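Next come two complexes, and both contain subunit A; in the first it sits with subunit B, in the second with subunit C.
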Partner chain A sequence: MAEEVKKAPKPVDVNSAKYKLGKIAADAYTDAFQAKKEGKIVAWVSSNFPVEIPETLGIATVYPENQAAGIAARGAGERMCNVAEADGYSNDICAYARISLAYAKLKECPEQEVAMPDVVLCCNNICNCMIKWYENLAQDLGVPMLMLDIPFNPDYDVPQSIIDYVSAQFWDVVAKLEELFGLKWDDDKFQEVTGFSCRASRAWLAATACAKYTPSPFNGFDLLNHMAVMVTARGKETAGEAMETLYKEYMDNHANGTSTFRTEEKYRIMFEGIACWPYLRVTSTGLKSRGINMVTTIYADAFGFDYNSFEGMIRAYCSVPNAINLEKSRDKRIKLCKDNNVEGLLVHTNRSCKLWSGFMYEMSRQIGEACDIPVTSFDGDQADPRNFSEAQYDTRVQGLVEIMDANKAAKGAM
Partner chain B sequence: MTHTEIFEKLHEVALNPKAQMDAYLAQGKKVVLCAPVYTPEEIVHAMGFIPMGAWGGDRELNRAKEYCPAFLCSIAQSILELGMIGVYEGASAIIIPSLCDTLKTLGQNWKYAVKDIPFIPMTYPQNRKPAFGVAFTRAGYERVVAELEKLGGKFDNAALRASCEVYNRHNAAMRKLDEVLAKHPEVTAAQRSDAFKSAFFMEKSEHTAIIEELIAALEATPAGRGKKPILVSGILADAPQFNAILDEMGLYIAADDIAAQSRQYRTDVPAGDDALTALAEKFANMDNCSVLYDQEKLRVKLIVDTVKARGIAGVLVVMTKFCDPEEFDYVPIKRACEAAGIPVTIVETDRQMAHYEQARTNIETFRDMLMM
Partner chain C sequence: MYTLGIDIGSTTSKCAILKDGTELVATSLQRGGLGTGGPEEALSRLWRERGLSREDMERVIATGYGRNKFRGADGEVSELTCHALGGRFIFPDLRTVIDIGGQDAKIISLTADGRMSNFIMNDKCAAGTGRFLEVMANILCLDINDLGPIAAKSDKPAPISSTCTVFAESEVISQMANGVEQADLVAGICQSVATRVAALARRAGITQRVCMSGGVARNEAVRRYMAEALNTEISFDPRAQYFGAIGAALYAWRQADQVYSGNF
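Presenting the complex of A and B:
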């Protein structure tokens, strides 16, 4: 047996997008701890809450969804879920919520500590489950909850009634935060923050759109890591700068014929759904070992908060993936598939997310037909490792490969 | 009629909603299906349609699986199933509110699974109490009105005001019935369920008349004795097997916090010249429900207060499997009951459930706790 030769670790390139983005994501947690130490206000915030509010008011933010994903990816999802379940929470409840409620109880988890909140800021444009989760957090932690309700829109376009309702709530939340904590809204600061948020969003959209090149200049699993910055720091100046670096690196990769997908790109697929954080390596390897690059996901679109007016900002927050109807959701995905020459769709039927999975069967059928690509699904969970089977995943991916192979052969024979 | 005869009549209605619907259709009336949890039935009624509750049914799911993953609640899945197999044939439309995540997906799936019955969305605000929330509810109602007009309905402010009065009187009758039933342990859980369930399948003034007759009959009857009073909480409590177990265990429902029962009738439409705004204000005034934003968890307090006020022995949470709004509320309910020294237990039920042995064991243990 040959002796293993250990490679020297690659020196850290502090100018790389990977370093910059990793640092921003890590700083988001340390900044909140520092703010707490300095007596500043810390908020726990849902991922698609208008970040412009806490950023403008100088409130430090922690994103429980991001924390839960980190805890799950580091292997503590089941342990934390067990804590919540012992308190009476059903294991049918979203695993992010279970992990977060367990953290609220224990106030510690070495896999991802966070600063405790003075207020929780909830926005339900991702799901109504968020409302219940935050109600219970507010009760358990004895802190106020501010709710910005962005209803699920059954129509294709955002009607004026929703714009008016959400706009009124935006200023209502601002007024309540001012009153609760003696803060002062500053329009100039707001303009600056919206500028940062749009800059980060534009660069993110540009970077993810680089998947249109064949081969793609990046491994789609990169997006799942970089996305953390779009969740936790898109209103910060550093986020825009780091995202622009990412875009430049992808363009350089394209020009040089290189990619962060470090094997031959035989197949290009879209991955649908939240990542299986406890099995990130397994799900990634299951694709990469077959030469499958997940070139796009709806996350590419989800954090594209680019707007040029207040109403445009409200409209953007009303148009996030889980707040829109089947037809609009479908068309966004069809565009991603077509723009990025996708050959197959792999759907994560995520037990934690009833809303995301609830009309996915019909929508993925329609996407498959519209794009003439095969669709397959596997059962999993974003954070509870007990709801995933590696064998099923492997079988389903292999099935997808066989159909994509047959399609390639048919096209070659034409 | 005696109260037993009235209960038999209500049982027939509760057991045969399809026969009720067909009878209305045979009379030349149009029927609009109203899905859980809250829909503006008053508007449907005022515009000349029969609002017909569509809360699914106890049955095995087959066709719905073409659209729904297994972990969606069986109420929503069975509504879709009934639509797909033609049970709702003849209905003019279905109104589905988006008050929980599964209901959002039900509306989207309905459009493709049941193409011959139009889907009318009703989008409610969660910040329903401020003026901007009331305005948004009103806009949602206007959307429903516009959709019903396409189906031949006519909107008239005075007609809506009159329908609101019909519904307010029905609400009062159902609240009174709940109070009277609390004093009549001899009424079975199944009979109580029939009284509430039948309300979804009858034109409301017809149902009010029969409920008022039932109240009078019960008030003229001496109360029975010997059962343990409990409060049941959840979305549904209409499964015959479940209700039979309560009777068998010597338990009776002295109050409920069931979405398909008392939660429907707690709030009236207030006075107001603009009936649509008054109806929106009714929604603003609603509370104490898992699908209505409740930062203060008033629902939990209401349960504890009701138990104390009615001398109830314990709380039985009837959890519809995969209903996450209820699953989140269970923990604070459990904590509050325990803190107040109120015995509390949970049983999981499901529209597909054929065997209730586990529920029986849980309820038996619960009964033993109450007897100690």
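Presenting the complex of A and C:
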């Protein structure tokens, strides 16, 4: 009988960006557990809340959106959604919210455990569903909720009145946290944290901008994993260093003609929307098997906050993708498409995220026109697996490829 | 040279044979699409009736939702490209295809030289598809093929306001209970499909010539309401249901022809 040959596992390169980023993302969860054990304060925080506040005050953080994405990617989205739905939550509500509310009830989910909070910190710059979700968390868990209101901005630029309004709230949240938990704000620490956050953001944005090279030195799906660090740990010192490693690796790949997209890059597209976590493999294979590299997505860049003043920081938090008007959102995306030589746009019509998906119908039409690229969309959900059809995804991606092919052939014939 | 296109949809399977990419020599249609014996049935009927066999086919291309699962083809291509090609085969100046199939609706835009330039498909919802008509025909105990002729008798379609198939079902039932004329109800149902797909078509943009394809295209009332909703003329050909299969056969011929001319 032939002896079974076991493939030796690839040695882990502890100096690689992948290892460093993976460790930071994992540590974010264990650090919060450790903090809890030591009697320190733990906050559940919405992903675009100014991380500078809890970091400066030494509050350990957990990001329910990131937890929900992890749970969904590991296959437990439906189970958790069912728990929330059995409690009366409509299946129309964002699946991140349903999963998080289910966790608040069960206080366990082996697919991604988190430390329980002493406070929940909510910022509605990504959506207003967030407010009700956090109100219910606060009520169910018997903890205070602090709200930082960043309203949707219908204007192209952020007016001074909004900067003043949000700045006042920033300090109000700080004062409330000091009072609630006997903490002390330290300006020097704040400067240090903003430095870490900007360093990580700069390196992250530089890394994602490497998509301007053809072929791209990375597979765009990598960004979806790496961005977890930008969501959960951008205010930590280690994040900047790891992001700089990532940027260096991408530049090296470019110099050496290599890429983490390990097949011929035949087409370059922009992906719009949150990843379809329960079907990450299906959605990524559906592209890769056809030689499509999703080189860019606003979703990844959204977590890069680079600023050089307090007002600049407030402005950055007022300018996250879901808080800005259609024209500004469109222009940012058109820039990404043009900077990165994108040939097609694939839009995830995400049943969970009404705000994002709602304005994509018109916005994607305008982007397609402005960049002269084909656009297609598919139905899915970031965390509830019941809203996706593989056959539909496949047909639409294939249709997109067929148009990109025809466009190339027409250009070649000219 | 013969080439074959087979379009395996959600409810039916269609075949078309082209000779030298220019002459449509045979078609066949069988109820039963993906996951049924429909595709094989449609094929054996074609062989039987035309005295041809698989060996006579230079190349076979599958399309439709079942294209990936079908084993008897040399290749597969999406139904989007095929409907565009098939429609253009019948109407050489075609620029917009409105295709309503069993489970989806799609609007395909073509450039002046016949390239597919864009497409929009319905959301994951049965409203605005053949399935909607099927459900409604069932409630009314009618054959789906009779909906068009019955609707033609109405001059005041009953408004069906729900866009959801399930809600529309109860709306139709309550209209029946209220004594609304059957013809008006059927006309309202056809109008509801047309209005919904017309909204999709407006998003894609309408350029003349416009045609309808797919099984629902045979419903004269849907075509009329569509033309009204879009304020445009809609071309129709009795072979509309075969556009996908014809397009696949044409695609097969182009590939085979390229092999011969050494461009492949």
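Throughout what follows, the second predicted complex is superposed on the first by the 406 of 414 C-alpha atoms of A that agree within 3 Å, B and C clash if a C-alpha of one lies under 4 Å from a C-alpha of the other, contacts with A are read in each partner's own complex, and residues count from 1 in each chain.
Note that in this section contacts are C-beta pairs under 8 Å (C-beta built on N, C-alpha and C of every residue); 3 or more make two chains touch, one makes a residue touch a chain.
Just so it is clear, the structure is predicted and the values come from calculations on it, not from any experiment.
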Which of subunit B and subunit C A:128 touches, first, second, both or neither: first
Partner chain(s) touched by A:368 [first = subunit B, second = subunit C, both, neither]: second
Touching partner for A:314 - first (subunit B), second (subunit C), both, neither: neither
Touch count on subunit A, higher of subunit B and subunit C: B
A:383 touches, of subunit B and subunit C: first, second, both or neither? neither
First (subunit B), second (subunit C), both or neither touched by A:349: both
Which of subunit B and subunit C A:87 touches, first, second, both or neither: first
Touching partner for A:392 - first (subunit B), second (subunit C), both, neither: second
Which of subunit B and subunit C A:137 touches, first, second, both or neither: neither
Intersection of the subunit A residues that touch subunit B with those that touch subunit C: 349, 361
Interface residues, subunit A side, partner subunit C - complex: 349, 361, 365, 368, 374-377, 379, 387, 389, 391-392, 394-396, 398-399, 402-403, 406-407, 410
Of all residues in subunit C, those that touch subunit A in their complex: 65, 68, 77-81, 104, 111, 113, 115-119, 121, 123-124, 203
Residue ranges of subunit B in contact with subunit A within the complex: 66-69, 71-72, 98-102, 104-109, 111-113, 121, 123-127, 130, 132-133, 135-136, 139-140, 290-291, 293-295, 297, 319, 321-322, 324-325, 327-332, 334, 346
Contacting residues of subunit A [partner subunit B, same complex]: 87-90, 92-94, 97, 124, 127-129, 131-133, 135-136, 138-139, 144-145, 147-149, 151-155, 159, 161-162, 164-165, 168-169, 172, 325-326, 349, 351, 354-355, 357-362
